[in-house]
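Order as written gives the chain letters A, B, C, D, E and F; numbering starts at 1 within each chain.
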Amino acid sequence: DFLNALENDIKPAFGTSGELLQMMLMRGIINWGSPVAHVLEDGMLLIQQARSAESGGLVSVLLEGPPNAGKTALAAQLAKNSDFPFVKICSPEDMVGFSESSKCLQIRKFFDDAYKSTLSCILVDNIERLLDYGSIGPRYSNLTLQALLVLLKKQPPKGRKLLILCTSSRKQVLEEMEMLSAFTAVLHVPNLSKPEHLLSVLEESDVFTKQEVAAIARNIEGRRVFIGVKKLLALIDLLRQTEGDYRVAKFLSKLEEEEAIEIRG
Amino acid sequence: DFLNALENDIKPAFGTSGELLQMMLMRGIINWGSPVAHVLEDGMLLIQQARSAESGGLVSVLLEGPPNAGKTALAAQLAKNSDFPFVKICSPEDMVGFSESSKCLQIRKFFDDAYKSTLSCILVDNIERLLDYGSIGPRYSNLTLQALLVLLKKQPPKGRKLLILCTSSRKQVLEEMEMLSAFTAVLHVPNLSKPEHLLSVLEESDVFTKQEVAAIARNIEGRRVFIGVKKLLALIDLLRQTEGDYRVAKFLSKLEEEEAIEIRG
Amino acid sequence: DFLNALENDIKPAFGTSGELLQMMLMRGIINWGSPVAHVLEDGMLLIQQARSAESGGLVSVLLEGPPNAGKTALAAQLAKNSDFPFVKICSPEDMVGFSESSKCLQIRKFFDDAYKSTLSCILVDNIERLLDYGSIGPRYSNLTLQALLVLLKKQPPKGRKLLILCTSSRKQVLEEMEMLSAFTAVLHVPNLSKPEHLLSVLEESDVFTKQEVAAIARNIEGRRVFIGVKKLLALIDLLRQTEGDYRVAKFLSKLEEEEAIEIRG
Amino acid sequence: DFLNALENDIKPAFGTSGELLQMMLMRGIINWGSPVAHVLEDGMLLIQQARSAESGGLVSVLLEGPPNAGKTALAAQLAKNSDFPFVKICSPEDMVGFSESSKCLQIRKFFDDAYKSTLSCILVDNIERLLDYGSIGPRYSNLTLQALLVLLKKQPPKGRKLLILCTSSRKQVLEEMEMLSAFTAVLHVPNLSKPEHLLSVLEESDVFTKQEVAAIARNIEGRRVFIGVKKLLALIDLLRQTEGDYRVAKFLSKLEEEEAIEIRG
Amino acid sequence: DFLNALENDIKPAFGTSGELLQMMLMRGIINWGSPVAHVLEDGMLLIQQARSAESGGLVSVLLEGPPNAGKTALAAQLAKNSDFPFVKICSPEDMVGFSESSKCLQIRKFFDDAYKSTLSCILVDNIERLLDYGSIGPRYSNLTLQALLVLLKKQPPKGRKLLILCTSSRKQVLEEMEMLSAFTAVLHVPNLSKPEHLLSVLEESDVFTKQEVAAIARNIEGRRVFIGVKKLLALIDLLRQTEGDYRVAKFLSKLEEEEAIEIRG
Amino acid sequence: DFLNALENDIKPAFGTSGELLQMMLMRGIINWGSPVAHVLEDGMLLIQQARSAESGGLVSVLLEGPPNAGKTALAAQLAKNSDFPFVKICSPEDMVGFSESSKCLQIRKFFDDAYKSTLSCILVDNIERLLDYGSIGPRYSNLTLQALLVLLKKQPPKGRKLLILCTSSRKQVLEEMEMLSAFTAVLHVPNLSKPEHLLSVLEESDVFTKQEVAAIARNIEGRRVFIGVKKLLALIDLLRQTEGDYRVAKFLSKLEEEEAIEIRG
């Protein structure tokens, strides 16, 4: 009937992992400051540990930070850096409208497949969405939570190595769910917080001229900054359509509107 | 059996999007004041951003305001203005009695279809109804909430552009559900609030004579006004059936009854 | 098997709408006082609005008041007065034991059918029962609530006119469910509250003689009255079986027992 | 399989109504005091009202009182007294393990059948059990509650008469569920409360000799009594097995143990 | 598939009732003190009442006491003493993993079968487990509760006699569920509470020599004792493996560890 | 369809019990201090009790302690030490994504199989995960809880012996669920708490030289230690990749970072 037809119509169209990683990294990783470098370095160490023959065989990492901070892109970068032959992306975007149990089965399948490869990496994006976390109630899928709690600690078979990379913007919720302690390591992905961070990004973009950047630099000098790299890139996109002089003023006013820079006293 | 027969009988009869937009705009958009202009202008900018080749590919907008303020009509106007070749209306009116999961599948299908076009616009009307929000409890469909939270942020495939236009009269609830932050922009659609707003609408209607409008103007001068354009048009409808002199007095008394104008001290 | 057999056995036996209206009006409408006239007049205006070619096409009315006040009979009277060719009764009495979703599908079917006629009237009786409202908890069918919230505001197709008449004795609950604001108009159906109201009904009945009515009049003069017309008619029924003198005394004592008249200090 | 086999094995074995009434009245109705007479008289009046040609066609009565007070037996007696050709017993005893919806369908079937007869009587025993009322929570079947709330007020078809007799020991709960107001009348079935009540029952039994009854009478003179007739008959049963002298003393001590008579200060 | 295969694999393997009773009584009933005698005597009286031709036909008994007190064994002993031809054991041990409704159907089947015999005895073990009582929440199976509430009071057909023996260690919970009042009688099965109780059990066992028992007697004289007979027998089991001298000391220290005897001040 | 395919794809791949035990013991049991010896000794006594011909036939043991303390490995060691011919591992790792009822059926099957062998040992790992315990709510599977509460106390058939070994890091939760009292014995598995505990483990590893261990010993002398053996082994793994001098310093700083050693005042 009609509804069944609907359902049959909706088959997840998983891209290959390589394509998906590429998609997540479409705008690259701009090295806007030390926090970026730090996450990449720590990530590299954990990748080596996961790879090492004498180690336990399982390394699980959480990248957590505010919305738009760049968590997903950095996780994708680490997955790419690992150069593991088996990489899978487990993302809520591919499971929209799935029932609890379908989600769990799908997640389990990712892990079961990974256990069959020697060097596997699973990127679990946006854990709170995977858990169907709804803040009114609150509500969440306990079935999925239990699955993750077990899978994050489950040793792959002898001789197999597994690297799990997760992202979340709800560290507090994961803590209450007693999931945080299941990770080998937790890496913090912060917002940009200093004028120089912001200027680094502007310089990388092809929208502002040197003079414009300089004008902005003068203006924001000494002001606190607080904006995620994704939001900032979107703002720059918006301004791409504006013209000359107006652009700098508009950019600054938009930043203030979004409370991305401190309002001058 | 009987109930199955019932169910089979009820196939959603989706009109074409063009017809549906037309329906939503049946009474047109009266430019009763600056807030109307403002929403249309801001909307235009966002449409351009959605369309631009260099931008991210996804723009999502919320039109929020009190019941009857004209949110749905304005969203329809923006959809029309976008002139995007693919436009779909996702409205609770077409999903009455659907189960949670049928709703989700339907919503997902709208998006999956949109991802296949180069320039797509989805109008998601009355989000709180789509979420089955019941204020006693409160209750809501977490399945649908999770689907929307993901879809509002999900990038269309490379090279595809998607504009999402949503309406809601429960901004506070969306905030608690942490949905507000998922939008690229939030536009406020207010009630009429000044005598001149009200008079603009009266002048556009074919019910009141110039003299009658003048009489009303004298009466409401300096009084605060608070009424949605939809409610106001309905009131005018009611008066269409009344006669001459009586009409102005009746109109004013009805306005007071509905607390649409300040009661004189 | 046994239970299926049961279920198959239970097919709703919908009478024709005319018969059902007749049933609801079996005892007629006694004009016991101004509130009755008022509801009928206001109702007539709303019927005209629904019928008018230039109007929006949708008028929804709630008749609310205490249990036994005569809400259902008055709604039936308005439906009859409308003289609309398509009239449907949507009553919980025909849906006993239906599941949430069967109720919703049934309700939806009534509306879908109505949209196909030029002039349609739907009488939705006893909304709180339709919503399965249970005051311990409280509990209610959110599926049905959402369906009604949408259907009460959904415009019929172009050129079609729809009049929705609803009854309820739980105005407060509907308010909490944010359903009240969905109605075009809310009409209050009160209990009888004055001695003359009560006497009007007695005079219409064939049970009391003129002398008996006069005796009752003397007795209740100046006392507050509070009783629904349905309850009053039932009391008169009970007394039909009693004899002569005894009848007046018994009637008055029963009224006091039911707290339908003020106890004399 | 095993469980299905189980289910198929369990077909309700409804006795005929006559047999069931007989079963409920196995120990007859002892006229132990004025409350018994009062319930029977009031019941008779209501039966006449239900039967009367000019009346509304529906009379619904609740017999409520403490556990073991004799509610079910008295309801059965009234059903028998009515002498209505169609009598059905709707009892939780015949629906053990039924799902909510099976219960509802069964109840509905009883009523649908009744509507087909000219003079019908339905005895609904132990409403709180039919509603699956569990005091921890509390929990109850809202589906069944809604069905009863509607059926207790639903007019039988024109010309048909329906008498509904219900029993319950949880009047307070029914009040909270707003069910009490659905009844035409509520009759209270009390426990025995005076020594003479108790002696009436003893005299009717074939267990105690005249002398023994006299001895008991002397003993309990002036003491408050509080026991249901069912409990009292069970106690007498127990003593049937004891001998001579011992019997009176044992009887009195058991009464005190059960707090059925006031402990002497 | 796999899970169905699992389910099919799990058919309850009910032993015959005789075997099951034997199993419950494997270690016999040691007459360790007056409470044991008291339960057996009271039980005998109730058995006679159940058996008697003139009585009501239904006797239901609850044996309640702390965990390990010997409730199940005593209930089995009573069932054996009754010498009723039909005896069934209704135990949660045979229903592990059953759904609510399977449990109910199973329970109902036990009773339906019993109603077919002239003299039937049903032993319902561990009611709180049968009700799936979970103290966090709390949670319980209302379906099963309702079934038991009805079945504990349901008269067997004319001429049939039914004795119901139940056990529970959660009297308080049954009280809150309003189940206690459904029993004809409630018998308390206490823990051992005096030194002589404990010594009776030791003497019955083949583990301790006369001298050892005497040594223990001297030690525990005047100390309060609190231990269930099942726990005590298990402790004796443990010591069976220890040797000579060490045994008495170890026994006493274990008793103190388990807080089974008062710690000397 | 797609989801069914998924489900069919996921068959639990139970290794043989021997392999699974081996896996759990991959890194052996290091005798780092008296608590380890104590658990092994007590465990041995309980194994003997389970094995003894005269005893009751059932011994159930809980190994509880903080996360990473080594509970699972010690339970596996005890299972191995028992040398029972039938050993089964019941672990949440093999039931990811199972429904409540599938879990229960699986658990039941383990026990049903065990009852068929003369000497059986079941290792139930990580009870709180098996119970799907989610701390927000909290939520848990009552079906599984009830199954375990019954199975932990259910006597195997005559002549059969059953040893149940469970692990948990949520003793408090088990207590609230009234499960603790179902165990024959509860053994505590603590974290390492003294410098010498830590040094024992370092000495066993092949990572640190004698000099390095000595250096660490000097450093941590007199400081409180608090770390689970699993965590400690993982830390050593990480350091395996570092070089010479740096290793000791890094190790100490990591210990402080993880709050595994007291920070010097």
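By definition in this document, a contact is a pair of C-beta atoms (placed from the backbone, for glycine too) under 8 Å apart; a residue touches a chain by one contact, two chains touch by 3 or more.
Keep in mind that what you see is a predicted model, and the values were worked out from it rather than measured.
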Contacts common to chain D and chain E (chain labels): none
Distance between the centres, which are taken as Cα means, of chain F and chain E, whole angstrom: 33
Whole-Å gap separating chain B and chain E, where each centre is the average of the chain's CA atoms: 67
Distance from chain E to chain C - Cα centre to Cα centre, in angstrom: 58
Where chain B touches two or more other chains at once, by residue number: 7
Chain contact topology (line, ring, star, complete or other): ring
Chain D residues touching chain C - in the complex, by the definition given at the top: 7-8, 11-12, 45, 48-49, 52, 54-56, 101-102, 104-109, 111-112, 138, 140, 142-143, 145-147, 149-151, 154-155, 157-158, 176-178, 181, 184
Interfacial residue positions of chain C with respect to chain D in the complex: 1-3, 6-7, 9-10, 23, 26, 67, 92-93, 96-97, 99, 126, 129, 132, 134-137, 139, 233-234, 237-238, 240-241
